[in-house]
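Just dropping this structure here.
Chain lettering (A, B, C, D and E) follows the sequence in which the chains are written, and residue indices restart at 1 in each chain.
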Amino acid sequence: MTFSYYPGCTLKTKAKDLDRYGRKAAEALGVTLEELPDWQCCGGTFSMSKDEIASKLSAVRSLASAKDKGNDLVTLCSACHNVLKQTNDAMKNDPDFSAKANNYMKLDVPYNGETNVIHYLEMLRDRVGFDKIAEKVTNPLTGKKIAAYYGCLLLRPGKVMQMDNPENPTIIEDFIRAIGAEPVVYPYRNECCGGYVTMEDKALAKKKSNKVASSAAENGADMIITACPLCLYNLNKNADESDIPVYYFTELLAEALGVKD
Amino acid sequence: MQGKMIARAKELLQNGTVNRVIGWKAGDFAYDITPAVFSSAEELDAGFVYNDFCGANFSKYLVKESRKEGKILVFLKPCDTYSFNQLTKEHRIIRDNIYVVGVPCDGKTDGETLKLKGITGITGIKTEGDSFVVDTLYGEKTIAKADALPERCLSCKSKKHVAYDELLGEDGEVCESNRFDMVEKLEAMSSEERFAFWRGELSRCIRCNACRNVCPACTCERCVFDNDNSGIAQKAAADSFEENMFHIIRAFHVAGRCTDCGECSRVCPQNIPLHLLNRKFIKDINEFYGEFQAGEDTETRAPLNIFDTEDVEPSIVYEKGGN
Amino acid sequence: MQVNEKEFKPTIVAFCCNWCSYAGADLAGTNRLNYPADVKIIRVPCSCRVNPMFILRAFQRGADGVIMCGCHPGDCHYTTGNYYARRRMTLLFSMLDYLGIERERTRVEWVSAAEGAKFAATMNEFVETVTKLGENKRLEDLRCKEK
Amino acid sequence: MSKVTKEQVLRSSGVNVLKCMRCGKCSATCPSYDEMEYHPHQFVYMVEKGDLEPLLNSDSIYKCLSCYACVERCPRGVEPAKVVEGIRNAVLRQSGMNHIKAENIPDMLDEDLPQQAIVSAFRKYKR
Amino acid sequence: MQRIGVFVCWCGSNIAATVDVEAVSEALKSEPGVVFSTNYQYMCSEAGQNMIKDAIKEHNLTGVVICSCSPRMHEATFRKTVQGAGINPYMVEIANIREQCSWIHKDKQTGTEKAIILGKAAIAKVHLNAPLTAGESPVVKRALVIGGGIAGIQTALDIAEAGFDVDIVETKPTIGGKMTQIDKTFPTLDCAACILTPKMVDCAQNEKIHIYSYSEVTAVKGFVGNFTVSIKKKARYVDTTKCTGCGVCTEKCPVKNVPNEFNLGMNNRRAIYIPFAQAVPKVATIDADYCNMLKNGKCGVCSKVCTAGAIDYKQQDEIIEEKYGAIVAATGFNPIKLDNFDEFAYSQSKDVITSLEFERLTNAAGPTSGQLLRPSDGKHPHTIVFVQCVGSRDTSGCGKPYCSKICCMYTAKHAMLTREKYPDTDVYVFYIDVRTPGKNFDEFYRRAVEDYNVHYIKGMVGKVAPRADGTLDVQASDLISNEQLHISADLVVLAAAIEPDKSARPLATMLTASMDTNDFFTEAHAKLRPVESPTAGVFLSGTCQGPKDIPETVSQASAAAAKVIGLLCKDKLTCNPCVAHSDEMLCNGCSSCEKVCPYGAITYSDKEFRMPDRTTAIRRVAAVNEAVCQGCGACTVACPSGAMDLKGFSNKQIMAEVDAICK
């Protein structure tokens, strides 16, 4: 099973663990992740303005490059996934935008959203299969009560992301069961951690991340897992009312598969 | 083969299975072969022929013949049996009044084609491998079949008889044919090119009705074009749009019923490739509704008289691409 | 020339089945949903009553576009009529396209009695498409009218 | 500051504000509600009325987390966040209207802050 | 040559405002065959009709063209008019210059030009019209009502009252429908069961009414007056003629964990059950999905305890066929599934319930015996939040675009009853709009606010978050005070949108009745024929046509019954004379027409013909049964020789219209 892989800037710097464990786990599962040789920064956030073209081009370039490779493109960082998925959707379904973008880029063959973008979690669920993962777990995390934190970027806008029911997702909970632990469902798992507002309004960021972390703790979770470096940052740094630890889901996966060093 | 056929025909007349035989009869010239009804051994000996000029399909004659008294013997080539089945299915011929003897066929040529290739003074013909050896007043001439066969034989769809009471000689198989190549080529053209192509072809039509008269699917009691009450009656076209109308309507009338026998193109004095209209319908039907060969049997419903709730939408025409 | 093109008013014949599409057209009227006057509707009991001859006849007599509307597949008042119509029109349109007549001049749309808005939108779109194509020159050429 | 028009905002956001039925679910779901002077439903309503000035001058445009909660939950498919983004971009595109200045950024950083936050903040706060 | 009269209607200003009617009647005057042309304010009025009659007599008209509203509106009227003046009703053609002209074209010149062309097309057609005589077909004097809720019950009772036989087909083991699950009814607050159950009993006892409970319609053939319907009686494994409804079996059955659908799964029933005490018919039904005997042959308790010997494990589904003259659809509604609304935590918390579940929680026959208790812990809730419009008025694709109509009122009822019975509860209602059009409806809602102090808050709930302590954090907008609220609630009640029952779509296909995009049945005319489907002989009763409360449902049910009675009173129906006809001389005998006919109206036979050459020949030719043919025309196109044509819509007529339009 071979996929193109888009790591993104954060995974090359502050979130190396998310990337490193993701690759190890993939290897253990027999999945080949081929890093796109010429990936560019996704832009961090997808501009909701229709007339923002330039800031979306770098994402289009990566997508077009993945099309040339011919494999589905796997992402890991929630933010990159959101940007790539939304950009791809716009290239496919917004003829005005795709005409302009193609016009700027001057590719040999115009790009019209042909690449299939899936998140690492979707790869686990739909391609590898959680039951297969469960079979390969050598070090089940039995007894651990884990709260899945989806944040906003993985699930919304639901019509574009199409990963799971945006209001009652199960993909990470099913993942948690696959690695032998017990999922904790709590109401704020799909509410925002504060995101980039931490740069500008610490108080707001603290309020939001505390709400998430406290809700998870209140419902009896030992730890929180996430797919997003910024969520991890906010829940670690800004959620100061509880000391519940936060991990990348890939780290736990690597641990369960016995490939964490 | 000719000898075997005559012998078998005599037997069947003799033992009362049939009271007459429809077959090919030599005319003034060797290539000038016409359909004829024989009712005695003597008549058969005198005029019955079967050679590489015997292209005519008798199925259509049976519409009238099968309604006459007694049983008639008919010799059918593989492709004729498809027309025969189709007409049986449509209750146009009365199967019980016909005795079918299937005869093999390796492609039939005609005098016109040979003349165009410079072979004149024809007195006889025989097949030798992939060539015809033609006896002429000026000696033997050999011509490759590929050069002498009409389109319908070059893209022969089947050497298998789908209807018969008995067979003379070996039965063949359904052929892999390249018969849609030209249709595909046209489809790949731009709309303008296709238009130019058809304008060039159809504008030559002289409305001689030869295509209609020979077509085994055109057996209507009264043709809509001859019926003043049909609203589209036209003996001769008033303008060339009507020429086109005639061919489109005719193609549509036989859509799903046309066996792709190719007679229309063969008889056209203006050499209009009319079969390309019919083949377009056949190709579309195959692609949209699944493979269908008219006349393959006598039960399957014609594609236009049946449907599937999941059929493609007409918008497929826009989506299909091409230009 | 430019001016002429702007003034071009296509002749459009719309065959509508009595039960769904004709009622849909009535609803468009009841709701005052505008569409160009170029569209003239012919009422037929069912889309399966539309003989390909009618469509050819319309083109022959100078129509620039012909559209057929019927009940949605599965909702035919006569149960199955539109399924037959669908096959007939698909094949006919494909043939016209094959003959080099612009495929945009023919169209089938399923419009229910409740879809007044869809009817108006369809007609607006179709008239716009046909207007862009301009006069039905190819068929006129086929008609070999000397200019 | 040159005049920002309603049409400009509507075009940029691609939102049809007339679809709003004033249920307030966007504001009911907004995580930044208490920090905002104008709330998502007001953005939609005020843009509809053409009352843009208060929005253009309000800090509320920087409080939106782009979390898409309002987009997801709006029963009419209005997508209020896109209106907020439309106003924000209209402001940022005016010269000199960057909400954060490059020279202030080092103060905001700490060593763990992921790149995505910085890049996003640049996009959301700065031309 | 026809002598044609043209009559252009102004329709007040409806036509005259954008069509120059004078110009139209003037222009059409010079069309070939037109001997008289005029215009008038209201052609459909008595004066207008008299004008037509007079003109027919005075000018010896043989054909009439009326330029007016849609033929779907007044074609029948004008046919009658000309018949009154002595010409065949089918010698009329209508040019639709209102719906398809004046109402959609604003420019008068454009409208006038188009009206003239439409008039010319109608004239061209009428030239080719021929007098048609309608045949007759008999009427089966029996009606079928599909659905046994309050709508179906009322319709059946009214039809039976008029002396006609009527059958009710109900998929559930009992009739009664949704109303049986409702506790009280607004705005009078009388008990639903008290007013419904007597009607159910009336149905059971009325000798004109036959109830097929636990049954489904599987096929419908035929047409108005002559439907043939297949009804599947599902095996209930109980002989209904023997079962006395004593209920012993339902107490002794060892399978106790079957979710009780009558209480929406909030408690359990046995594998053999009677849905509720007042069920009609009051007979037991075995749920084959749960019964041990049927699953693995081990048990048989019910059979042992049944003194009537009514249990029959070998019972099979049975399909019966019955003939009807009229069919009434009364398939009703269901609340939508709330899978798309998990922001309200319906699937995460037991204490988030739907309004129908709330009905069961307050009903004395419900799972809590009428005590309002939280499903999670059985405690009294002290703060209750009602959320309106959950999935109604939703165009995002998650819910339904329409207003479900009944929620505002039943929520006011719930809120009021709660405050009355439990004055210590705080009740909040979040609303977008409160819609109370109806007699005593707004007064009722205001009572909830003013007398019972229910907190109505304009705004929507954005999220319901179940907290670890068992309360529900309700995050909502208060748009009036411009605040985001957090209410700590014990119970949240969602007013889920209602949708047509899922059985309606396949039924509509069987009936060839049309539906709108929401799967509600379409009425023949939104104002003037609201209880008839466009398909003749099919009538609509209750919420299958659109959201309705009980009084509206009952009145529509009675209206549908009146329409059915009007039909069944007739001994014969006039057939549509616009049917197919085969010209035997042209027929090839190919059977193409026979294959595409949906009604089996075409038959073939061998016939002897005298040929032009004086011989005789036997030919196979088609013949159309005019009583069976419905006039779709499928055969006319399938026919290769043009032998088959359709009266009233002949090839020549349609082509004449084409020519007139394209000229």
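Here are some notes:
Definition applied: a contact is a pair of C-beta atoms (placed from the backbone, for glycine too) under 8 Å apart; a residue touches a chain by one contact, two chains touch by 3 or more.
Just so it is clear, the model here is predicted, and its values are computed rather than measured.
Between subunit B and subunit C, the least number of touch steps comes to 1. Chains making contact with subunit B as well as with subunit D: E. Fewest steps needed to get from subunit A to subunit C, stepping only to touching chains, is 2. When you average the Cα atoms of each chain and compare centres, the chain farthest from subunit B turns out to be D.
Taking D-E and C-E together, the pair of chains sharing more C-beta contacts is C-E.
Averaged C-alpha coordinates put the centre of subunit A at 24 Å from the centre of subunit D. If each chain is reduced to the centroid of its CA atoms, subunit B and subunit E end up 54 Å from each other. Distance between chain centres (mean CA atoms), subunit A to subunit B: 65 Å.
Averaging C-alpha coordinates per chain places the centre of subunit A 48 Å away from that of subunit E.
Contact of a single residue of subunit C with at least two other chains is seen at positions 52-53, 57, 74, 80, 84, 88.
Residue numbers of subunit D whose C-beta contacts span two or more other chains: 69. Of all residues in subunit A, those that touch two or more other chains are 167, 191. The list of touching chain pairs reads A-D, A-E, B-C, B-E, C-E, D-E.
Across the complex, subunit D meets subunit E through its residues 19, 21-30, 33-34, 39, 41-42, 69, 73-77. Contact residues of subunit C toward subunit E in the complex are 11, 13, 18-20, 22-23, 25-26, 28-30, 32-35, 37, 40-46, 48-54, 57-58, 61-63, 71, 74-81, 84, 88, 112-115, 120. Contact residues of subunit B toward subunit C in the complex are 183, 186-187, 191-199, 202-203, 231-232, 239-242, 244-245, 248-249, 251-252, 255, 277, 280-281, 284-285, 288-289, 303-305, 307-309, 311-318, 320, 322. Interface residues of subunit C facing subunit B in the complex, by the touch rule stated above, are 52-53, 56-57, 60, 73-74, 80, 83-84, 86-104, 106-108, 138-139, 141-145. Residues of subunit D that touch subunit A in their complex: 11-14, 31-32, 35, 62-63, 65-69, 71-72, 79, 81-82, 85-86, 89, 99-100, 108, 110, 112-125.
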